[in-house]
Amino acid sequence: MIETTRRHMSKITGALAVTVLAGGLLAAPARAEPVTLQWQTANLTEPQFEPVWKQMIAEFEAANPDIHIEPILVARKDDWTKFVTAAQARRAPCVVQEDLATSAYNGYLMPLDRFWATEPAAFRAAYSDDIMAAMHWKGALYGVPIWGGVFAEIYNTDMLTAAGLDAAHPPTTIAEYLDWMRKLTKPGQWGTAVLGGPTDTTTRVLLTWIWANGGEAFNADMTKATFAADPKSLEAIKTYLGLVGQGLAAPSPNTTNYLEQTVLFEQGKIAAVRSAYWAIAKMLVDNPSLAGRMTVGPVPGNGATLALLAPASIASSCKYPDQAWKFIKFQAEKKWALERARVSDWMPLRNDMMDEPEIAQDPLLQRFMQIGLQARSYPLPHPAWAEIGGVDVVKAVQRALLDPAHTEQIFRDLDALLNKKLNDL
Amino acid sequence: MSARRAWTGRGLRRERWHGYFFLAIPLLYLAGVVLLPLLEAVRSSTFRIRGLRATFVGLDNYARVLGDAAFWNALSVSFRFTAISVVLHLALGLGLAMLVAECGRTRTALRIALLTPWMVAPAIAATIWLWLLEPQFGVLNWLLRAAGLIAENRSWLGEPGLAFGAIVAVDVWRGVPFMMLLLGAGLATIPKEQYEAAAIDGAGALARFRHVTLPNLSYLLAVACTLDIINTVRQFDIVAVLTGGGPAGATEVLPALLYNTAFRGNDLGGGAAVGVLLLMIVLAFVSLYIALTGAARSDD
Amino acid sequence: MRPAVLLRWLLLGVALLAALFPFYWMVNTSLKPLGEVMRSPPGFISPNWSFAAYATVLATRPVLRWFANSLIVALGSTAIALVLSVLAAYGLTRFFVRGAGAVVVALLFTKMLPETLLVIPYFQIMSDLGLINTHLALILVYSSFSVPFAVWMLVGFFRSIPREIDEAALVDGATRLTALWRAVLPMAAPGLVAVGLFTFLLAWNSYVWALVLTTDSTMYVLSVGVANMIGEYRVQWNELMAASVVAALPVMVLYSLLDRHLVSGLAAGAVKG
């Protein structure tokens, strides 16, 4: 009722304004004959994805002449803002790739169970239970996994050899890793870089350290934070952040994001980066001489690592869910998974692709997929994760980097803060 | 005089209605385009908004926001940022205006050259500075080290104190040119005779400044100060691009807190509450300021 | 040279350096090949300068389209802002309107609103009116935000124009509106130019509104198009700088042409008050 009144008011005032300004009225764009699906994902503005999505749209539209795909290009940093604004007005793009837990919690996404159930068993079995669990919120399915990024340790082979280290056997324990870091640090060169920049990549790397040490940052149902409460977690945090204090990591960690980290590696200033498979592609484009000179090793510790999952979802306000589902299925096909792997370096999430020739021929990709078998999904399933992972944990890391003596207290404060947030649903 | 004739009796009332008519159109337009969204924002600040689900919570959002240390931090950052920036805008702007005024033929070219920082969009300006301040490859670090002013690369946006300084510096870089323009126009209207009279009386440069320049510019300075405060408090683009409010909240001005609460924190109601609080603070401050300076002025 | 003059030029030199060095660096970066961009020590002049980045940007992105959109929106909002502020300022200065001071403060109030506060309600209203992805939506938004400053400035300007001008026109049998159009406005021309330039700049540089109110990439304005080039995973600095130069240049040219009017507009309007 209030809604309608408000809409009426705005319509009346709007009509008044429009009448007064009669001179400049432009007609609203006429609806095209085929159904138009808007598609929004921050990846559309990533240069390495452009050739793939353009081809995808072209082929999909050729095969489905009654559907037109309209890509919405938006800078990554503004993608969520734009989506929320449209979703609040119930005019979100039909096909989206957004933070699943938060979007589902907000009511922005449409449950996909009825579509999923009608798909052939072979299609549904292509995804592991673990991955599919990450696609659910409160028991309903909200996304189809399209691509992912597994985190591993990437080494510069030449720098390893120069330090007398065996590139064929990367470290598998933390103690060994620290030893390697010490050997790889010389004047003008550091072992690795610690990420403390203001993006959630900082949190991703921190989590790999915690998990690989056998620690947990949260309890099973995400109602309690245990960054400092779990001793193994705290130990891992101290070891990781301590790399800076020991001089084993490049300086200025508080402004080191993915971009800075990869550039340091490309320029031979650091010998190892903890990053996802897509980093390899970027580094090869920026510095082609690195081809064949990179070694991939597991995350030192118990091998647990992190896999960023990018799902495709349908907005709850979408007027053409059947067509949207068609496009999502199209994106999930093996052909496009291969293209994404080949051109954009995004790993396929289907488990029926290990034997594809393109994948078997690429040793680095194979290695990543092997490491990925022990990966845990990211982002973590909580509606407040965007802020927790993107702000709160980052702030704690930055504070701890500026004041290492109080690391434990800082993370205890983080636990207390998160305990409140996690339960404020 | 003939002007007075029209303003009597019936003529006065009719004239006044004419006046209201002229005002009505723009005011109605503004009402529709600005007031409605504002009212909607105020309304949403009384709801706990979980995406498309909204629950009425009265003033609960305000209680939460005011009870959160992040708000008081943002208030402090905003206050310091605005105070320092506005003072620098006015001081450097006036200084530059006076310097440019002394130059004869080169005045126009100088003015245009000095105005360029202001002509560029804030977001783009911030992006340029992001690149200049980059710790490893940015040119600023290299220049400072080459000049011997710093020993090693500093992380301008990674350390709290330096990051605050950086956003002030970029805002000043962008804001001084406009002040220079505004105050320069004011300077141009001060009659030269006043300066000559003061010089004859034996006043030095500083005394001439205090007794001729400042009094003549007082109204303009007051107005410029008010507008500048309003603009600087709203400043968001520079912070958003350079630091996003970090590190550890050192540069989180109130508009940044608003944005972060609403979109990153998925709390649209809380963000609206921050916005309304920001509005009230600015309104209170500006009203006070206008009252103080209004009392000091003779007309209106 | 006298020491005072020397000092003056020294200080101005520092100011010029501070103002222009970032732009020099921007252009320098835009002309370098990408491999040279990330290098320490940075190159101030490079033998490899080329317009390749500019060519890539212009070839792969509809920059001219964005330019046209920015132009349409900026000119449209300037026109509306001028009409509205002239009406408001005329009403405030020519008639004994009660609470004129309060009205000006109320107008300033609308300028105090943080943009992000209004984004969601605005989108709702615009989408209800079916104005998403239109130039009109942006024109409405931008003109509303520039009106307060415009009114303040024109009030000062109109006050300095004697009422006798109006009287003369009225005595000749003109209506109030005609008097405004024929007699007052020509005298207020410098003020109008100043107002127009400010509104144009505001609309040209604005980002948030265009970001939210347009979804079709053919409707994007320059500021949005440029921002889309900042990816998290890869920033093509040279291309970004090239696009930024393209975005900033028209404004600089426009201001250079109209500088004279701007200063006299401000002098009369702002100073007298």
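Each chain carries a letter (A, B and C) given by its place in the written order, and its residues are counted from 1.
Following the convention adopted for this analysis, a contact is a pair of C-beta atoms (placed from the backbone, for glycine too) under 8 Å apart; a residue touches a chain by one contact, two chains touch by 3 or more.
These figures come from a predicted structure and were not determined experimentally.
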item: Centroid comparison with chain B (C-alpha atoms), farthest chain; value: A
item: Two chains joined by the most C-beta pairs in contact, as defined above; value: B-C
item: Inter-chain centre distance, chain A versus chain C - centres from mean C-alpha coordinates, in Å; value: 37
item: Chain B-chain C separation of Cα centroids, rounded to whole Å; value: 16
item: Contacts with 2+ other chains: residues of chain A; value: 10, 14, 17, 77, 81, 84, 88, 263
item: Multi-chain contact residues (two or more partners), chain B; value: 25, 29, 33, 36, 40, 136-137, 259, 263, 268
item: Chain C: positions in contact with at least two other chains; value: 38, 120, 124-125, 140, 227, 230
item: Parts of chain C lying in touch with chain B, wherever the complex brings them together; value: 8, 11-12, 15-16, 18-20, 22-23, 25-26, 29, 37-42, 84-85, 87-88, 90-92, 94-98, 100-101, 103, 105, 107-118, 120-122, 124-125, 140-141, 144, 147, 149, 151-152, 163-164, 167, 170, 176, 201, 204-207, 223, 226-227, 230, 237, 240-241, 244, 247-248, 251-252, 255-256, 259-260, 262-264, 266-267, 270-271, 273
item: Touch list for chain C against partner chain A, complex; value: 34-35, 38, 76, 79-80, 119-120, 123-125, 127-136, 139-140, 211-212, 215-217, 220, 227-236
item: List of chain A residues in touch with chain C within their complex; value: 7, 10-11, 14, 17-18, 21, 24-26, 28-29, 38, 42, 45-48, 70-78, 81-82, 84-86, 88-89, 91, 93, 199, 257-259, 263, 267, 278, 282, 286
item: Residue ranges of chain B in contact with chain C within the complex; value: 2-3, 6-7, 12, 15-16, 18-23, 25-27, 29-30, 33-34, 36-38, 40-41, 44, 95-96, 99-100, 102-103, 108, 110-117, 119-125, 127-129, 131-132, 136-139, 142, 173, 177, 181-182, 184-186, 188-189, 219-220, 223, 226-227, 230, 233-234, 236-237, 254-255, 258-259, 262-263, 268, 271-272, 275-276, 278-279, 282-283, 286-287, 290, 294, 300
item: Chain B residues touching chain A - in the complex, by the definition given at the top; value: 25, 28-29, 31-33, 36, 40, 50-53, 134-137, 152-153, 155, 157-160, 240, 243-249, 259-260, 263-266, 268
